[in-house]
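This is the structure I want to talk about, given as C-alpha cells.
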Amino acid sequence: MPEPSPRSILSAAQLTKDFGGLRAVALDLEVAEGELLCLIGPNGAGKSTFFGMLTGAIRPTAGHIRFRGRDITGLDPFRITRLGISIKFQVPRVFEQLSVQQNLHLAAENRFGFAEACERAGHMLGRIGLSGHAADRAAWLSHGQKQWLDIGMAAIAEPALILLDEPTAGLSPEEAGRTAEFIRDLNRQATLIVVGHDMDFVRRIAQRVVVMHQGRLFAQGTIAEIRANGSVRDIYLGRGGRDARGC
Amino acid sequence: MIAGDTIVIVGLEILSAATILVLLALGLAVVFGMMRIINLAHGEFLTIGAFTTLAAVRFGGLPLWLGMLLAACVAGLIGIAIERLVIRHLYGRPLDVMLATWGISLILIGTITVMFGPVTNGLPYALGSFTIGRYQYSQYRIAMTVVALLMMLIVYVLFHRTRFGRQARATIGNPEMAAALGINTQRMFMLTFGLGCALAGAAGAVLSPLVGVVPTMGILYIAQAFITVIVGGPLALVGTAAAASLLGTIEALIAHFPLFHIATAGSCTPTPCVIAIGGSAFFGQIALLVFAVVLLRLLPQGLTGGSRNPY
Amino acid sequence: MMRNRRGFLKLTASAALTTAGGITGFPNILRIRSAQAANEVPVGSLLDRTGAFNISGQPAIVGTQFAVNQINAKGGLLGKQLKLIEYDTQSDIAKYTQYAKKLILEDEVVVTHGGIASASREAIRPVFDEYKALYYYDNLYEGGVCDKYVFCTGQTPGQYMGRLAEYALQHFGKKCYTIAADYNFGHISWKWWDIYWRNGGDISPVPGKPHGEHVGQVEFIPLDVTDFNATIQRIQQAKPDVIMTLIAGAAHMNFYRQLAAAGLHGKINIVSANFGSGNEHILLAPSEVEGLVVCAAYLDDLDTPANRTFKEAITKMVGDPKYLVGEQVCQKYNGWNIWAKAVETAGSFDREAVTKAMESGIAIDTPLGRIKSDAATHHLFYTMHLAAVNDKHGWNILQTYEDVPPSDDAKYCDLIKKPDQHTQYQPD
Amino acid sequence: MINRRGDGRVRTGGTDRLAALLVVVPLALVPYGFKPYAANALALFLIYGLLAMSLNLIWGYAGMISFGQTAFFGVGAYAYGVIALNTIGPVGTTGLAVVGGAAAATALALVTAYFVFYGRLSDVYAAIIMLVLSLVLNTLMVSTAGEEWVIGVARLGGFNGLFGQGSTGQNIGNFQIPPITLQLPFMAQPFAFRIDRTSVAGYYLVLGACGTTYLAARLVLASRLGRIAVAIRENEARAAHLGYDIRLCKLTIFTLAGAIAGLAGVLFASWGRFVNPDVFGLAFASGVVVNVLLGGRLTLIGGFVGALAVNYLTSYLGGIAPTASYAAGGVLGLLYDLLGRATQQSALLVQGAVLIGTVLLLEEGIVPPVARFLSRRPLIGWFFLLPLLLVYFSAQIACRQADFCLY
C-alpha cells in the first residue's frame, strides 16, 4: 500500500487536445502519490477529455503524460490499465448481460488469475454492498448500484491510480454519502482523481481541488480556497467568457 | 508507343467506367451512407428500373427518357412501400436489416421472373456513334455521363437546398433531437430510403439500353456498388464521386494495359504458360477490389472519412 | 426407458409416426414406398428452374416434360410409364450433387438427364461414376467428355466450328479476333477454334487449303462483365476481318448491342459458336446482329414437316402461340428420345444394356434432322445448319450438312478400346 | 445487436442433458432408419451447420460479424482438394490434406484478422471487407479455367471446379477429389469415408467432427478467452479499460473460427468430391449469415439448427414439380399461368419470406425460445418428445432393417 508522500505519481506536461481547430484541453498537472484530487469545472471544461487521454482512449495532439516517471502518452488503453491506472466512466459501463459477480471477476481475473479473482470478487461484493445481488444480472441493478459496481470494477485490480468520472451522477444524497465514504476508503490504497459536480460531495472527499475551465487549469487549492475564489464562481455562473465548446 | 487517339479513347473508357460506378453507387450512398442501412436489395432496384423502362418502351410505347423517369418513380414507390412494410421495424438493427433486405431481394427476383419470365431482354441502343482517329465511340456513353452528373446535382439540391433536405439531414444526424424539433422523423427515413431506391431505379433504367436485362442482373452490380460507397466514406455525394472516379480509373487502366507476365507450370500451346497480369476485364475487377481493400486499410473510414459532419 | 413403455408406445406409434414424419427433416417413409408403383419406372431430371441459369433451365424443362409426356402418351417404354422425377437445382452446384445422390440412392431412377452449365455436369459426373449410374447431358458444350456412364447428346466444337471456319475464310477473310467466356466453355472452345481456324476448318493441317490467322490476343471475358467498352476499343485497334464469339448468356446481348452502339455493325463480320441458343436473334434488333453467321444444330426457322409439327405441339403444351421453341427445348427432346430408342433396342432399362444399344450406333429422326449415336465417344453424329441472321429476327439457312461426326472427341476418346474412362479431354 | 433478453447461456444442467439427447439420438440413428440419401443430405447440412457455427462463435460470443466465412470454407475445400489429389496416389491417405486444408484456412483467417483488427476497421466495414475477400477469391477462381492454373496434378479448372488431370495436360478431368481416406491405428489398410449403399462411415465422420468441434468450442468459451470475448461483446471499451488486450483476443477467436470454417470446407470437398468457385459466391456467403440468424446468433447450436431448417426447406421446395405451369387462355388461364410460374419460383419466394418473417417475428432465432420452453417444461421433453423420437426411429429402423413396417 503506497503511503501518501509528495512523490509525484502522475504528471501531465503541456498536454493538449484539439478537435478540428478547437482546443479542448491544454493542461499541466502534477498528482502526488496517494492524494485524493478533485477535478471540477463547468460543462465542456475538458475534464472527460483529460481522462480520455490519461487512459489512452483519446490520443493527445501534443504533450506528454508520465505515470510513475514512465511516459505513457498514446499507449493502448489495456497497456495503461495494466500499468495500474483504472477508470470508471461518467455513465456506468458494466457488462449488463453478466451477473454482478461475473463483472467483478472479469475485472480482477486479468491481474490475479481465476481462483484469487473469485475470492476478491466476493470480498468486493461486500465492500460495495451488493452481496445480495451477486447472481443478478448487472442490467437489473439500480443506477446507483451500477455506479458502485463500476467503481468496484475499477478498484478491484488494486490499481495505483483510480480515475472516477462523476461517481455520484444521478445518485440520491444518501447514496452519494455512502459513495463518498467508499471513495475515502479506496484512497487508503490508491491515488484518486475524482471529477465532481456537486460541491458538497467534493467538500466531503477532497484534499486538493483543481478547477478546469476551457481546457485549462483555472485555479487550484484546498476546497476552502476555491470557495473563496470569486472568479471560480463566475465561470460556474457562465461569466467567465465563452464556453470551450464555442457554441 | 501510345497514339493520341488511343489516349483519348482510354480517357473515355475511364470516364465511362467512373460513370457506371456513380450510377450504381449513388442510391446506395444515400441509403447506406446516410441511414447506415445495408440494403442488399439495392441491385434488385436497378433491375426494377431496367424492367420498368423496358415495359414502358416496349409495351407502353413511351419515349426512352420518359420510360427512365417512370422507372425512377416506380422504384422509388416500391422502395417506400418496402420501408413501410419491413424496414421501419428494424431501425437500430443493421444486421437484421441486411437479412431482411436479402429476403426482399430474393422475393423481388422471384416476382420479376414470374412477371417477365427468365429470358434476357433489352432495348435497342439509343443514339449513334462518333469517330476519334481509328476508333468509333458510342454517343450514348457520353449521354450516360451527363445523366449521372444530373442525378448527383439533383441529390445535392434535394439535400442542401430544400426544406426536406435540411429536415432529413437533421433526422439522420440525431433522430431524437429532430423529433423534439417537431420533424416527422419516420417520414424522413421513409423518403430518404425511397429516394435511394429511386436513384437505383434510374441507374438501372440508364443501363438498360446498354446491357441485357435479366431478373438476376442486380446481383452483378451489388458488390461494385458497395465497394464504391465504402471507399467513398461518409460524404454521400463527394465520396461517391471521388471513389467512382478513382476506382473507375484503376479499373479502366488495368483492364486496358497489361502490367507484366508470370510464367507457370502446366503444358500450354504455345509454350511456355504465362499469366498476363492486367490487360483484361478480369484484372480490371480484381484491381478494383484489391485497391479498395488496401485503401480501406489506410483510411478505415473511406476517402471522406476525415470530415466531421457526415453529409 | 423405451423397453418399459413399449406397449403403450406401440399404440401411439402410428400417430407419432405421422407427426414425426412431419417434423423431422427426412423424407417420409410413405412417400418412399409409393415411389415404385408396379407399371411405373422412375426417371430423373436435374435442371435450374430458378436462379441465374433458369434462362436455359426453363426451356430445357419444357423440352423434358414434352418428351416424357409424349413417350408416355405413346404407351410408355417396354409397357411401363415413365415417372419423371424433377428437381430444381436452383443454379446451385451443391444442390446438383445433393439431388443427383437423391435420384440414385433414394428415387432409384434408371436414367438421369440434365445439367445446364458445364460446371453442373462436372459436379454430378463424379456421383454417377461413383454409383455407376446412367447420365445424359443434352447441351451444346465445349466437348471432350469421355465417360463410360455418360452420354453427351449436345453438339461439340468439331461439329459447329469446322464448317463455320471454312465459310468465314471463304466470305469474310483470314484475320480473326476471338472473344471467349472466361470459364471452361470459353477456354476449351478457344483451343478448338484455334485448331479449326488455323487448319481452315479441319482438325489437322490440309496442304493447299486456305487457313486463318489471329489478330490481337484472344480475350477471356469474366462471366459477370456487362461493360464491353475496352474490348470494343481493342477490337478496333486490331482491325479483324471477322470476330468469333465464344461467350455465353447475357454477354451475347451486351456485346453485340454495345458493338452496334459504337457504330461497328456491318463494318466487322461476326461468327459465333452458340449465338441463338438463348434466342438472342429475337431479342436483338436486326440493326445489331443482321448477317451474323452460326453453324447450329437446331434453328426454329427450320422449315421441315418434322419441325413444324414439333413447334405446333410445343406451343400447344405451353399454351402460348408465340412461345419461342429454341435449341434447349429440342436438345432435351432429342436426348430423351434417343435414350428411349436405346431402351427399346436393348429391351431393358439396365444401364449396361442401354449403353450397349447406344454403342450399336442407333439413329433417330428429330425436328432438326437425323442424329446418330457414336459408339467410341458416347456423343452423336449431328445434322448441322449453317445460317445467317436475317432482317426479320429470323435465320437464312445457307447450308445443311448431315451426319457431321464429333471429330474433336474422336481424336482422344475411344470408349470401345478403352472402356474404363471417366474424364474430359481438351486439345493440347 | 446484443439481444437484451437471452444471454446465450439459457440452457441449464438438466435441460442440457435432455437437449443433447433430443439432438444426438436422431442424428445417430438416421443412417439406420432411412435410405442412404438421408444420411448424405444430412451430412451436407451438418457441414453447412459447422460453417455457420464458426460464425456463431465470433458473432454471438465476441460480437464481431463476418460475411466472409465462406472465404475460409472455400480455401479449406480447395486446399484439401489440391493436396488430396496430389497425395492420394503416392501416399494412399488424405490425412495430410485434411490438416493442410484446415491449416490453409487458419492462416488466411489469421492474416485477415490481423489486417482487420489491427487496422482498427469499424464493424460494418470489417464485415463487408470479409465479403469482398470472398468475392475476390470467387472472381479469381472462376478465371482459372486455363491450363496454366495447375498445381501438381490438380487442375484448378475455373468454374468447372477442381479435378486431377492425367499425365498429359489434355486429360483434364482424369480423376476427382478423393473422399477423406485415413489409416487409423486399428485399420489394416487406408479406409475411405464414404456415404453410400454399403457404408455410412462418411456420415459418422462428419457427425463426429461436428460434435467434437462443438464441444471444443464450448470449452473455449468456458475458458478465460471465452469470458473476455463475452466482455468484448458486451462493452468493448470497458473490457479494454480492465486491462484486456481486445485485439489479441479478437484475433485469436477469429482465427479459431476460421479454422472451423476451413474444417467444414474440407468435409464439404470430401462429401461432394467436388469444389468450384460457387463456394466463394455471394449467395453462399449470405446463406451462412441467414442460417445463423434463423437458428439464433447467441447460441452455438443455432447455426446447425438454421442450416438444417433452411437447407431442408430449399431442398424440399426444389423437389415439388411445378403445378399448372402450362395453362389455357382466358383470364382464369392467365391466373393459372401466374400461379404456375409462381410455384416455379417458390424456392426463391418462400426462402425470402422466411428470412423476412424470421427477422420481424423471431428476433432471437429458433433456438432460444425452444430452449426456454424445454427448461421451463422439462417433463414434456422427457416424457413426450424423447419417447416420440425413440418410437419414430425404432419404427423406421424396424421397417428399413427388418422390413417390419407398421403401415
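Note that the chains take the letters A, B, C and D in the order they are written out, and that residue 1 is the start of every chain.
One rule holds in what follows: a contact is a pair of C-beta atoms (placed from the backbone, for glycine too) under 8 Å apart; a residue touches a chain by one contact, two chains touch by 3 or more.
The model shown is predicted, which means the values in this text are computed figures rather than measured ones.
Engineer: Looking at B-C and A-D, which pair shares more C-beta contacts?
Structural biologist: B-C
Engineer: Mean of the CA atoms for each chain, then the mean for all of them together: which chain is nearest?
Structural biologist: Looking at where each chain's C-alpha mean falls, the closest to the middle is D.
Engineer: With centres defined as the mean C-alpha position, give me the chain B-chain C separation in Å.
Structural biologist: Centres of chain B and chain C (C-alpha means) sit 35 Å apart.
Engineer: Find the geometric centre of each of chain A and chain D from their Cα atoms only, then give the gap between the two centres in Å, rounded to an integer.
Structural biologist: Chain centroid spacing, chain A to chain D, equals 47 Å.
Engineer: Quick one: report the Å distance separating chain A from chain C, using the average Cα coordinate of each chain.
Structural biologist: 74
Engineer: What is the distance, in whole Å, between the centres of chain B and chain D, each centre taken as the mean of its C-alpha atoms?
Structural biologist: 32
Engineer: What residues in chain B touch two or more of the other chains?
Structural biologist: If we look for residues of chain B contacting two or more partner chains, we find 110, 113, 117, 219, 267, 282, 285.
Engineer: Name the residues of chain D that each touch 2 or more other chains.
Structural biologist: Each of 139, 143, 146-147, 168-169, 283, 344-345, 348 in chain D touches at least two other chains.
Engineer: Got the chain A residues that touch at least 2 other chains?
Structural biologist: There are none in chain A.
Engineer: Give the pairs of chains that touch; include all such pairs.
Structural biologist: After working through each pair, the chains in contact turn out to be A-D, B-C, B-D, C-D.
Engineer: Of all residues in chain D, which touch chain C in the complex?
Structural biologist: 26, 30, 33-38, 40-42, 44-45, 139, 142-143, 145-147, 157-161, 163, 166, 168-177, 194, 196-197, 268, 271-274, 276, 278, 283, 308-309, 312, 314-315, 317-319, 321-322, 326-329, 333, 337, 344-345, 347-348, 386-392, 394-396, 399, 405-407
Engineer: Please output the residues of chain C touching chain B within their complex, sorted ascending.
Structural biologist: 50-52, 54-55, 57-58, 182, 191, 217, 219-222, 224-227, 229-231, 233-234, 236-237, 249-254, 257-258, 260-264, 278-280, 283-285, 287-288, 428
Engineer: Which chain D residues qualify as touching chain B in the complex?
Structural biologist: My answer: residues 1, 65, 115, 119-122, 124-125, 128-129, 131-133, 135-136, 139-140, 143, 146-151, 168-169, 282-283, 286, 289-290, 293, 338, 341-342, 344-345, 348-349, 351-356, 358-360, 363.
Engineer: Across the complex, what residues on chain C touch chain D?
Structural biologist: So the residues of chain C touching chain D come out as 1-2, 5, 9, 12-14, 16-17, 19-21, 24-27, 29-30, 32-33, 49-51, 58, 61, 84, 86-90, 92-95, 97-99, 101-102, 105-106, 117-119, 122-123, 125-127, 129-131, 144-145, 182-184, 186-188, 220, 222-224, 317-319, 412, 422-428.
Engineer: Please output the residues of chain B touching chain D within their complex, sorted ascending.
Structural biologist: 36, 38, 40, 86, 89-90, 93-96, 98-100, 102-107, 109-111, 113-114, 117, 219, 222-223, 226-227, 230, 264-268, 273-275, 282, 285-286, 289-290, 292-293, 296-297, 300-301
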